[in-house]
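What follows is a set of structures to go through.
Okay, so chain A shows up in both of these, paired with chain B first and chain C after.
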Partner chain A sequence: MYRIRFHGRGGQGMKTASRILGRAFFLAGYEVQDAPRYGAERRGAPIFAYVRAAKSPINERGIIQHPDLVVVADDSLIGLPAAGVLSGLTDRTIFLFYSDTDEKSWQHRLNLKNTLFTIPVDTQAVDPLQRRYAGVSCVGGAARLTGVLDQATLKKAIEEEMADRSPHTVSTNIDHANATFSLLAQHDTIIEEGAAISAVGYEPPKWLELAPDPAAICAPAIYGGGTSSKVQTGLWRTMRPVIQYDKCRQCWWICSTFCPDSAISVTENRYTRIDYDHCKGCMVCVMQCPSHAILAIAEKDADKVTLQEVPS
Partner chain B sequence: MKRTLLTGNGAAAWGARLAAVDYIPAFPITPQTEILETLAYWVDNGDLDTRLVTLESEHSMITAAGSSAATGVRTFTATSSQGLLHGMEMIYTVAGWRVPFVMVNVSRGLAAPLTLESDHNDIMAARDSGCLQLHCATCQEVLDSILMAYRLAEHPEIRLPVIVNLDGFYLSYTREPVAIPDDDASRTFVGEFDSGSIHFKAGAPLSHASAVLGGSTYSYFRYSQHLAAQRGLSVYEEIAEEFARTFGRRHDAVEGYRHEDAEYLFLMIGSFATKGKEAVNSLRDAGWKIGLIRPHMLRPFPVERIYSLARGKKAIAVIDQNISMGKGGVLHTELASALYGKPGAPPILASFIGGLGGRDLPYEELFEIAKTLRDSAAAGATPPPRLLYTETELLEMRKLQAIAGVRIPFEEVHHD
Partner chain C sequence: MTETAFQRQKDLPKSHLLSAGTPMCAGCGGLEAIHIAYDVLGENTIFVNAAGCMTLLSVYPFTPFRGSWLYTAMGAAPAGAQGVRDALDILMDKGRIEVADDLDVVVLTGDGSGYGMGISATSGTIDRCLDYLYIVYDNEGYGNTGQQYSAATPHAARTATSRCAYGHKGFKKDLFSILAANGAAYVATAIGSEPLDLAQKIEKAKSISGPRFIITLAPCPTGWDFDPKETMTIGKLAVRTGVWPLKEFTDGKVSHNKTFSKLLPVETYLEQQGRFRHLFEPQKKEAVLRDIQNSINRYWHEVATI
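Now for the complex of A and B:
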């Protein structure tokens, strides 16, 4: 059985990508199971989707513990523990990253000996959430690595899964899938189907007898106030608003009021400051700023910009 | 027939479409909403000639479903979790009216604390309502069960609502290959709704569900409903047989998997039963004599069918994805009552509670459950009920509690 896991951010089309690959397997005569897995849906947050494909009916269900292939459509997720990109990897797990950073760098950074491929990023869009073809490019690569899906099948799968889109959108997606399919030609069939789950030599679960706790402990209550600030929603951000204080006209209420996450605070001298731990990068402030004093910078380029100090 | 990839929700919508339903009272709730969205889309573009009405709550929605069925109209509706509970007064009431319709419940754990993910406590709350229950393990079974459910509900000796249950996420949002039967074949199989004594006509008044004071009248009506529900098993079996002849797919009231020569059995319902089958395959490869039984029909409870599959086994593990507070797993209790005192009843019925609120059921746990069965059978003693919960999970819980400002005594955290 092929067990393939897709990682991306909400809005990057991981569900669609997993469905295109699932459909391609199905058209090629495989039994298939594909599903997205997310919490409350939200743009920019890490999500994953998975595809199982086998020649016989599939009884496995739910999340894939030990994937044969891990596809990552947004390389800014790789370093985020919350994204779980490396979860359940085995010696034979193969990685496919949509990234301009080369294979050797990733292997070095992650201390991985696993086989790893990269697909160059479509540089048209700076914001990763606007890279419309990240998902389908990954599908093209994944299809080639299995070696059991041809371009005609891939084309048909895209046409069926995107039946409600315009012919231009469909053909552009097919072009992107074909490009990565060709790019990885020399690695055709590198992924092998994973073995069935074995009841021999498994690691037994460390079950625990749950002892009764007093109600003050085990009632589902949150006693500490402000705990939501501990959730760093800034990790969902792909674009960063940066205030240029030399252009700021101190009309402090506009950006701070429009910010839907209360992530812009006002200083004593009527300047504003962005809380990057909780700014989700919606860019509403950038759109609202009357003096155009807020820049929109891609997260990956953020370290190239010097943050201006709030004037005293 | 067309075979394609559908989610469990998509399969449910197709079931309603192929049954040519006339009326759909609707109210959204995760993870069910996609069913009603799909049906609404079809109504909108003319693929489905049905009246779909959004109501202001599930209480009204289920009232509308019962009322439309009481006028002789084929009715479909769907809900989940808190929605099912919100409509619970009417679930019991419309079943008491003895009117037939089909409702899909997409299982989701109950508040509090709130969750969106799956377990069976919602559908178990409707267990005693008089609605019959079919529990699905695959997306295909969802579609097929809805077609069979209309036959069952509308049978003149039954005339009760049927709830078709599918698990949230694990089926609702998971695509699998599903064979969609042809319109004609489906309509021929389901047939026209012959409403019999049910009618709603000006000039011919009919009053449903009058008040009855004095227990004896009440007892007659209530026990008659129970007898109708029990009759549901043999009627279902006739329908399932005809379904198998027509469409080539069998959906027995109780599915047995590699059970014939088994010494040990898992008993599971719903989509996790397919994981159970996979574990059976792995254990068989490792030399175990183990199988699985899966009640597809939960109301009526197919006592004799379960007994015939369980008879002579050394031990059964019941894996309940629900919990009756203060008692334990509901299916475990039901199995015990079905087998107690019968010749050849397995001496060991072990209770496991797992998969609450969508918690995964890893294969290692199923293997370990098998080992527990073997050890218990050898020792001749039933093991205490077990929650499938690990040390790591409690450790993670303690971290969350620390963030939540829960004051936990030092020795509670460092208990070893």
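Now for the complex of A and C:
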């Protein structure tokens, strides 16, 4: 059985990618499961999608713990523990990254001995969320690495999954899938099918026995206010708004009110400050600032910019 | 003009009660309206949330609210509000809580519930003169499940369940008029991109007793298919093109809060959204666009002649 796990950010087409690959397997005569993980599937947030394919009926369910192939459409996720790119890897797990950093560097950085391939990034867009073909490019690569899917099947799968899109969109997607399919030609059939997991050898997780608590303690009731601030939605961000205080005219209410996430606070002297732990990078503030005092900077370049201190 | 603490933009609240870190999409127009509303309502508010996008606001163990929040099934939020209101009244009667500790009961609902599944329970609360505030964040579709059409979806919009060449066949339900005709104490439309107007309406609604309704249009980057940074731009266009009239119903009368001598053509609003792209590509569907423009013109003509 092939077990393939997709990682990306909401908006990069991971669900569609998994469906295209799933459909391609189906058209090639496989039994297939493809599904995204339900949760906060929001634009910019880490997204997971799974494809299982086998020639015999699939009795496994749920998320894929030990993938044969891990596909990552956004390399900024690799360092995020919440994205779980490396979780459950085995010696056999192969990685496919949509990244401009080369294979050797990734293996060194992640201290991995596993086989790893990279697909060059479509650099036309600075914002990774605008790279519309990241997902389908990964599908082309994944199809080639399995070696059991040909270009004609891939084309048909894209046409069927994107049937309601314009012919131009469909053909551009096919072109991108074909490009990576050809790029990885020499690695055809590198993925081996993983063995079926037998229920007989199943070992339950090592449960921790807990004595039952009274309902007032164990019911999912929240007793503190404002606890959502513990969730760092700043991880969703691919573009960062940066206030240039020399241009800020201290009108304060505009960016602070229009920020949907309460992530812009007003200081005592009527400047504003952006809370990068929570800013999701929607860029509404950049658009609304009347004095154009807020810059939009790609998150990967954010280290190169020195933040101006809030004037006292 | 009634007295208001919000005369100008600089009177808007400087600090925000709603905590960050919610799972709403980046650029959520509904969340922006709710954070303004919450600043005006204050901490002594209990929210009753019909299932929808905003039920993800409080996912155990996280909540952005300072006070209580209750989750109900899609059609049951107004009934939930009745229960909470009754409980508070009984506790006060019995002297178990001080009158000063009373809470405002606020229903939070999307358009799927507000315009559709919950409308029967909503109407019931007006019949019973329930004292509560009802805020609809209207993103014109079942957004949390992938933008299937709802009773609030505008004509010709493409949704997950309206994918034919002309988009959604039906027309947006006039919830404002339905609630007004039902005898609500207060009904208003608002939008997060006009924060002063929204703050004034929340303030006014808070000062009235009885069933009160505020319907906010919530531009939705995910469901309407536009870049999140355009949320406020699209909201402002909805007002400037006359698609979303800002109005109030009090004491049996409807009044418009923002009128324009000349509206922008509706195309400027439609062409910025992916859900209407099929009206412009591959070729422009002039007849559909004309029908949409005509219905807006007709509405404003009637407003002007009353």
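In this text, the second predicted complex is superposed on the first by the 299 of 312 C-alpha atoms of A that agree within 3 Å, B and C clash if a C-alpha of one lies under 4 Å from a C-alpha of the other, contacts with A are read in each partner's own complex, and residues count from 1 in each chain.
By definition in this document, contacts are C-beta pairs under 8 Å (C-beta built on N, C-alpha and C of every residue); 3 or more make two chains touch, one makes a residue touch a chain.
This one's a predicted model, so the numbers in the text were calculated from it and none came from an experiment.
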Practice task
Once the structures are superposed on A, label A:Gln288 by its partner contacts, choosing first (chain B), second (chain C), both or neither.
Solution key: second
Exercise for the section: Check whether A:Ile222 is in contact with chain B, with chain C, with both or with neither, and answer first, second, both or neither. Expected result: both
Handout entry: chain B versus chain C as contact partner of A:Lys280, first or second or both or neither
Key = second
Practice task
Classify the contacts of A:Ser256 with the two partner chains as first (chain B alone), second (chain C alone), both, or neither.
Solution key: second
Practice task
Could you tell me if A:Val266 is touching chain B, chain C, both of them or neither one (first, second, both, neither)?
Solution key: second
Exercise for the section: Name the contact category of A:Asp213: first (chain B only), second (chain C only), both, or neither. Expected result: first
Practice task
Name the contact category of A:Trp236: first (chain B only), second (chain C only), both, or neither.
Solution key: second
Problem - Overlap of chain C and chain B interfaces on chain A (superposed complexes) - result: 40, 220, 222, 225, 227, 230
Fill in the blank from the handout: The residues of chain B that touch chain A in their complex are 4-5, 7, 112-113, 116, 169-170, 173-177, 271-272, 274-275, 277-279, 281-283, 285-286, 288, 360-365, 367-368, 370-371, 386-394, 401, 403-408, 412, 415
Handout entry: Residues of chain C touching chain A in the complex
Key = 9-10, 12, 14-16, 18-29, 31-32, 35-36, 43, 56-58, 60-67, 163, 192-193, 195, 221-222, 227-233, 281-282
Fill in the blank from the handout: Residue set of chain A touching chain C in the complex reads 10, 40, 42-45, 164, 166, 220, 222, 225-233, 236-237, 252-254, 256-263, 265-266, 275, 277-278, 280-284, 286-288
Exercise for the section: Under the touch definition given earlier, write down the residues of chain A that touch chain B in their complex. Expected result: 19, 22-23, 26, 31-37, 39-40, 58-63, 65, 196-200, 202-208, 210-211, 213, 216-217, 220-225, 227, 230
